[in-house]
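Here's the structure we're looking at; comments come further down.
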Amino acid sequence: MPEWMIQFADQKQEFNKRPTKIGRRSLSRSISQSSTDSYSSAASYTDSSDDETSPRDKQQKNSKGSSDFCVKNIKQAEFGRREIEIAEQEMPALMALRKRAQGEKPLAGAKIVGCTHITAQTAVLMETLGALGAQCRWAACNIYSTLNEVAAALAESGFPVFAWKGESEDDFWWCIDRCVNVEGWQPNMILDDGGDLTHWIYKKYPNMFKKIKGIVEESVTGVHRLYQLSKAGKLCVPAMNVNDSVTKQKFDNLYCCRESILDGLKRTTDMMFGGKQVVVCGYGEVGKGCCAALKAMGSIVYVTEIDPICALQACMDGFRLVKLNEVIRQVDIVITCTGNKNVVTREHLDRMKNSCIVCNMGHSNTEIDVASLRTPELTWERVRSQVDHVIWPDGKRIVLLAEGRLLNLSCSTVPTFVLSITATTQALALIELYNAPEGRYKQDVYLLPKKMDEYVASLHLPTFDAHLTELTDEQAKYLGLNKNGPFKPNYYRY
Amino acid sequence: MPEWMIQFADQKQEFNKRPTKIGRRSLSRSISQSSTDSYSSAASYTDSSDDETSPRDKQQKNSKGSSDFCVKNIKQAEFGRREIEIAEQEMPALMALRKRAQGEKPLAGAKIVGCTHITAQTAVLMETLGALGAQCRWAACNIYSTLNEVAAALAESGFPVFAWKGESEDDFWWCIDRCVNVEGWQPNMILDDGGDLTHWIYKKYPNMFKKIKGIVEESVTGVHRLYQLSKAGKLCVPAMNVNDSVTKQKFDNLYCCRESILDGLKRTTDMMFGGKQVVVCGYGEVGKGCCAALKAMGSIVYVTEIDPICALQACMDGFRLVKLNEVIRQVDIVITCTGNKNVVTREHLDRMKNSCIVCNMGHSNTEIDVASLRTPELTWERVRSQVDHVIWPDGKRIVLLAEGRLLNLSCSTVPTFVLSITATTQALALIELYNAPEGRYKQDVYLLPKKMDEYVASLHLPTFDAHLTELTDEQAKYLGLNKNGPFKPNYYRY
Amino acid sequence: MPEWMIQFADQKQEFNKRPTKIGRRSLSRSISQSSTDSYSSAASYTDSSDDETSPRDKQQKNSKGSSDFCVKNIKQAEFGRREIEIAEQEMPALMALRKRAQGEKPLAGAKIVGCTHITAQTAVLMETLGALGAQCRWAACNIYSTLNEVAAALAESGFPVFAWKGESEDDFWWCIDRCVNVEGWQPNMILDDGGDLTHWIYKKYPNMFKKIKGIVEESVTGVHRLYQLSKAGKLCVPAMNVNDSVTKQKFDNLYCCRESILDGLKRTTDMMFGGKQVVVCGYGEVGKGCCAALKAMGSIVYVTEIDPICALQACMDGFRLVKLNEVIRQVDIVITCTGNKNVVTREHLDRMKNSCIVCNMGHSNTEIDVASLRTPELTWERVRSQVDHVIWPDGKRIVLLAEGRLLNLSCSTVPTFVLSITATTQALALIELYNAPEGRYKQDVYLLPKKMDEYVASLHLPTFDAHLTELTDEQAKYLGLNKNGPFKPNYYRY
Amino acid sequence: MPEWMIQFADQKQEFNKRPTKIGRRSLSRSISQSSTDSYSSAASYTDSSDDETSPRDKQQKNSKGSSDFCVKNIKQAEFGRREIEIAEQEMPALMALRKRAQGEKPLAGAKIVGCTHITAQTAVLMETLGALGAQCRWAACNIYSTLNEVAAALAESGFPVFAWKGESEDDFWWCIDRCVNVEGWQPNMILDDGGDLTHWIYKKYPNMFKKIKGIVEESVTGVHRLYQLSKAGKLCVPAMNVNDSVTKQKFDNLYCCRESILDGLKRTTDMMFGGKQVVVCGYGEVGKGCCAALKAMGSIVYVTEIDPICALQACMDGFRLVKLNEVIRQVDIVITCTGNKNVVTREHLDRMKNSCIVCNMGHSNTEIDVASLRTPELTWERVRSQVDHVIWPDGKRIVLLAEGRLLNLSCSTVPTFVLSITATTQALALIELYNAPEGRYKQDVYLLPKKMDEYVASLHLPTFDAHLTELTDEQAKYLGLNKNGPFKPNYYRY
């Protein structure tokens, strides 16, 4: 084992000991937690439950005779193709990229290995990368989230895809390995969501990094891993943190959660929002979205915060700022959006009133101390998919959603439009890293250049028939700006 | 004239030639533009119009026999004192600072020269600085905005104040000079709003900087000047840019404008907002505040933007993004909040419908091309203070507010609470610069440390009876945070 | 056939010829339209698809040996009972009624025959009526909406229930007949939803009305039938129109639709609301609810109206009032809430843009001219339950939800809290009619007395921990009011 | 004295003893309370304070030589004319009426005596009535509210106007008398606001009613008097209650108050709304408007109610329903909108926190028990016009606005658009009563026919460029409606 691997392992251990702001927990499981979070919107469209054979044991060929893939059932390709076509209609930015890049192929020569959720929207991204000149090999970043029909459609179109819904942990790593460990093909770009692919290459094929031009990473967890590597001086290629670009942040958090909190609560509980008392823990982007939506629907919303600036924002936006203890007996709903752990403790749960709904919109399942509810005196009753009643000896019931995992991933869907913004950001980051002149990026983690962030936004404006104003020469001069942007200093807060 | 002065002058000229993003215009006037903007909230509470003698020609003494001040009429002190007392009730953070600092005097030995608007709120700040151990001398940063009664009250309390409402330009510089050019006293701290005081010292008493520990600057214009000096390598002391602290930005822009756009329009026009069509040019913090308020009051709001990210935010917030030309014929109100120039041109004005209201909430009077309306075929009719009807030959009237100057300064008032946040930020910045260990700050422009920004916010939470949650040790460790903050990375957008 | 029946038939024909404001259409089908509208929230909780035998052909007994019922499968009773228990927790008003009436039995001696949707909430109502002293026999008012498990639970508890999901038309009338045509038992109260039960008794057992003290009718359609009967002088008992009580109107329409428009759109299309352009046809209570919700979620909403007063309200609430033609090419969503017919015509549909979503929140499936889409050149593609793509020859797709039937019934659920208000109103109306002194009600249609309307509201306040203020004697005298209400004149608009 | 007068007097006494819902109090003052409420928007535009001579003692002639008027100063006519012209631009409905009636003169022969506030908007109404063929004589309904310049302009145009700002009570009745007691002219229509004119004619010239075709009454108080007369069988002509028409109610209450609560609070206190805790007493139209506005500005709003239906609405709209006692210690603002008396008692005032703002948006000055604050231990300090600090012995200050009188009349302005709706309603009511065929109206109080209410609304739609949809013949038939309205049943709640 080469020395850097030992260091990497050490560093990881330390990292486990000192979890950091973005809320990374124990890595005792050998794959990242996010890779095993269930993910309901990834419901299968066709019924394939009849087939119990492992895809690894099957012999499948697509219509062109290739068998360089491993999916549940290649015959589901047609259904998956329709899903991809529907998704294309709502991903205008990627379709626009395809058009603009018809002449030049900015990714010609790129060999991209990817590890993301495999959905219709990912398929549109992959086929866009293909249209831009890249070769791709792909695995799933989550053992539950693959849409088998979409994987089949991609395989049918010639993409080497290795993924199915319900992989075992062994399958998970086997699929990743099949993407990178292939004769006569070596990746020069990585697109990762969660860091497992990057981790695997670091661990198994460190030499591969010599040819790799860069890593594009999408998730909070994966980005955190990269910063740790960088800090430890072990990041050996440039990496792009697309998680913190403005458009992604605002859409994944503020705008998306504003809608999905309502959707997730309705689908699971059919409750009425009007008049309900709700406490939202955390007033970051996610909390702001949840609060705005519930206030608009007639709920009475309380907020808890640890940061006095966010707290003051909550006040100015019309929410009472409280400690959880002050309102825990009276609220109808408790929502966590902090990124912290044990925000809702057993003590809080003991004091909630009958029928109180508890759910988590934050980034992992640590916010509610669900483990504390697994005690003998409490009875769990599964009343619907993703809905448990936890029953106290005196008959009090708490309604726990998604067992404390992410409500919006588990119990609602993510709109294609949001995924379109993310996918476009990923595509642009790949193009940027692949084409950047030597020296522009060093072995470090970078944010997407603001101009590209603005470009992603501009590609999505036509969806809204939105008409941007252009600066006159005189105005650009007055403002000291280039007419094409970037338009704001880096510290601008939007 | 020392060499640096020449360079400073040169740099200034260049600076005039290439105006920059923050919208700096011609400096041909010898005092900063902001120093002559009229400022209505500074209405005088008592009638002193009977007295036409210049304060410079008067012999006045306060009750303790001192005559080291120059105000309109020392006899108005009592009335001013009451205004100060009322303001104290709404500036709890400064009052809290006074209390906490009763034991230690963090500004003991500080000799602060200040140049700001002289209002009751400034008086609370000055008296707080005094309570913290500082000696202060003060002039006005605007020739119209001084509240004579408050100036009198300060003079009566022993503060050397040199300011009155309606100074001439000569008076303006004379007052500033009286603050700094005094035997046996030399300032070691500067608190400036607009940069005129700093400019004066640079020009007249450059040696004074040897003893000065730092500059705290409040305004966009003044901050811009400081960055220019820094860029040119001519900043000879550390400077604190308090303009861009989070709390100040959000309060001065988003939250304050959300209220003052309604107030300014009502006080000037008594119009009804419901059903009105409004176009807001610019969707920065100010534009966001204006749009939110008008939408909530039942107006139909259109937005124009040059930045695709802000444009996408406008879309997601429910506003049609248009070019001004598309809606200019149909709207009832046009509001500029861009920081740009000539956003509303004569051509736009020609096409507006009868009775259209035009006003500016941006940072200077350049946004509406008011000069273009000074042509012979148009008739101006002043219908109220701050309200002009500009009448076209065919009888069409445009209602122009505050002659295109800032509506919220000219036609509404700034709530004491907002001023409290600003004043607290200024006080903390002074304390920080004055007490910072050698080397922490170099000859550069700094943002307020995030922890202080958070501290300012926390001092204002009791006003709302808001209860902050504290991290447990375990949680702080999990998040990798100090329990007392700072709680966010520097790039956090709030 | 007695003469009145002939007249009733005649009147019905006329009624068909002159459809009226509330939008009653052809009665050519022998059961009311509402009785065949599909109703998704009535999803079955257990899988009973294995059993194809008609319940009419089964021999079933409950555990007490009774076979006076006809349900799908008596063995599902336990599951149904749990659903009822869950519903009880959200129907505090009925539970409160049970408690208050433990001593006196205001419905002692009442024999109620009912015909409503058979859901857990109805079960709570029926068991409340039982607790108040009534005997009940029940059929379903809709051939699809029965929850088999709940019906089983009621049958198990001894209620003679005749209903199952998926009745034929013949089954429908057979069930109703089994409720009324029973030896040794004759109803003295009717609770109807849609008027089919009332119609059946009029047609088959007119003499039964001699013993009947009154009819309580819940639906727009049924109420309209009663007013027609009354107008024609053929109503032979008092009837209570509970459809137009204040609380029911506001909850069924404004507050419920404010939430269900979002829910229905999300569950069917997973679309994002932010930035979408929507036209809402009709600005009554339903339209107001839809507009408020979509505006709050960041949609840009246009309104069409025929009534200038509602139109002016739309303006003041911040919506552009347009004709449908003006915006039909640009909108992303079209929602009808008019109660009118052919509001959206084929011509409109032809002009919509690709992917436009079309749905109906009004009271019947006439608002969108769906029939006009059943032409050979258009392809229909069912993409999900309740979602059709209608595809034009040029590839344009329109997304039609629920085939133009009610979106909120078909694609979302009705919160228990809303049903609680309706059920409480029904219970109070039954008590009022049953106990009213001779002469208080004549053979006419009555609104619920305002005091009872207020009582229904007051029973629901504890849900929100809401504390009502009581008038002092002095205040009551000043206002000329009884301290216990009613508090408003009849024409008050709320 | 004729018998009916005695009875009228008796009835009035009784009426005083049993005050009723609309909150009529003691009539011990000889003129109606509303006639002495101060009214700030009626600020004089020109300075006429130099002239202390009573108008009754002046000899004035207009330019045509007429002296049949009595105003402050006929020379101010020109200034008043400009105000009228500005108002005309915002009263499109009346201007449209003028145009439509150019051919036929629906008020030809009408002799209208009026008693209303005399403002520019009233002038537009009067001149419209003139254009429609009527002769008018006019007095003021309030001793403070007359705009002298407007009165002068009307007199100059030939209208016999008898009104000035600052009348004594004797002047008040003298002016009214001069309107009706004139040789060779006898009114046949009455337009009243408050009932004082009607009262005077009843008392002094009862025979005049023989020729009078009807009364149009605008105010709550006046309408109440008419209903009392009608109940007592003493109303001798038809009367039209225009106060309760839909458009007037919604605009005067909901929409107008939504704006004026913010305006009134800002102008008096310059406070910031964000984060403030507010309790609003009463959730009728006025309360709904206040709550919506403050919630939108970021205040935290509590509501008190006596009516459970309105209470439930408050809950569903997202407001905590409390008793005043529960929150009185913590709120920053108390607003009354109940129409009740002593809603805020001395006990409440004693418990409020320092700096709490107290004001009234309800219909009279009884809601806050201001009298209870006139005790020796409390100090009153007038800090601004309409703003008093009431100071407790321990230094606590309560900020009382407008001494508990109507905040929106005293401290903000009523938008011309609202006045336009009222004035149009009055004009249409006059036309209807004057032209109604014998027998349509009896000696009773009527609401404006719904069709006219709709007509008023339709005349105001062009202001918003709002486009009404017309029913097709087929649709009208389907709905059973006339294509031109009325579109709703009388009980419709909007």
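Which chain is which? They are A, B, C and D, in the order written, and residues in each are numbered from 1.
One rule holds in what follows: a residue touches a chain if its C-beta (ideal position, glycine included) is under 8 Å from a C-beta of that chain, and two chains touch if they have at least 3 such contacts.
Everything numeric here is computed off the predicted structure, so don't read it as measured data.
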Chain separated most widely from chain C, comparing mean CA positions: B
Between C-D and B-D, the pair joined by more C-beta contacts: C-D
Distance from chain D to chain C - Cα centre to Cα centre, in angstrom: 41
Centre distance in Å when chain A and chain D are each reduced to the mean of their C-alpha atoms: 58
Where chain C touches two or more other chains, by residue: 255, 274-275, 297-298, 315-316, 320, 464, 466
Contacting residues of chain C [partner chain B, same complex]: 274-275, 295, 297-300, 315-320
Residue numbers on chain A that touch chain B, as the complex places them: 18-21, 23, 25, 244, 246-247, 249-251, 255, 285, 304-316, 320-324, 326, 339-343, 366, 447, 453-455, 457-458, 460-461, 464, 466-472, 474-475, 477-481, 485, 487-491, 493-494
Residues on chain C engaged by chain A in the complex (per definition of touch): 41, 86, 89-90, 255-256, 258-259, 262-263, 266-267, 270-277, 293, 296-298, 330, 354-355, 383, 412-413, 415-418, 463-466
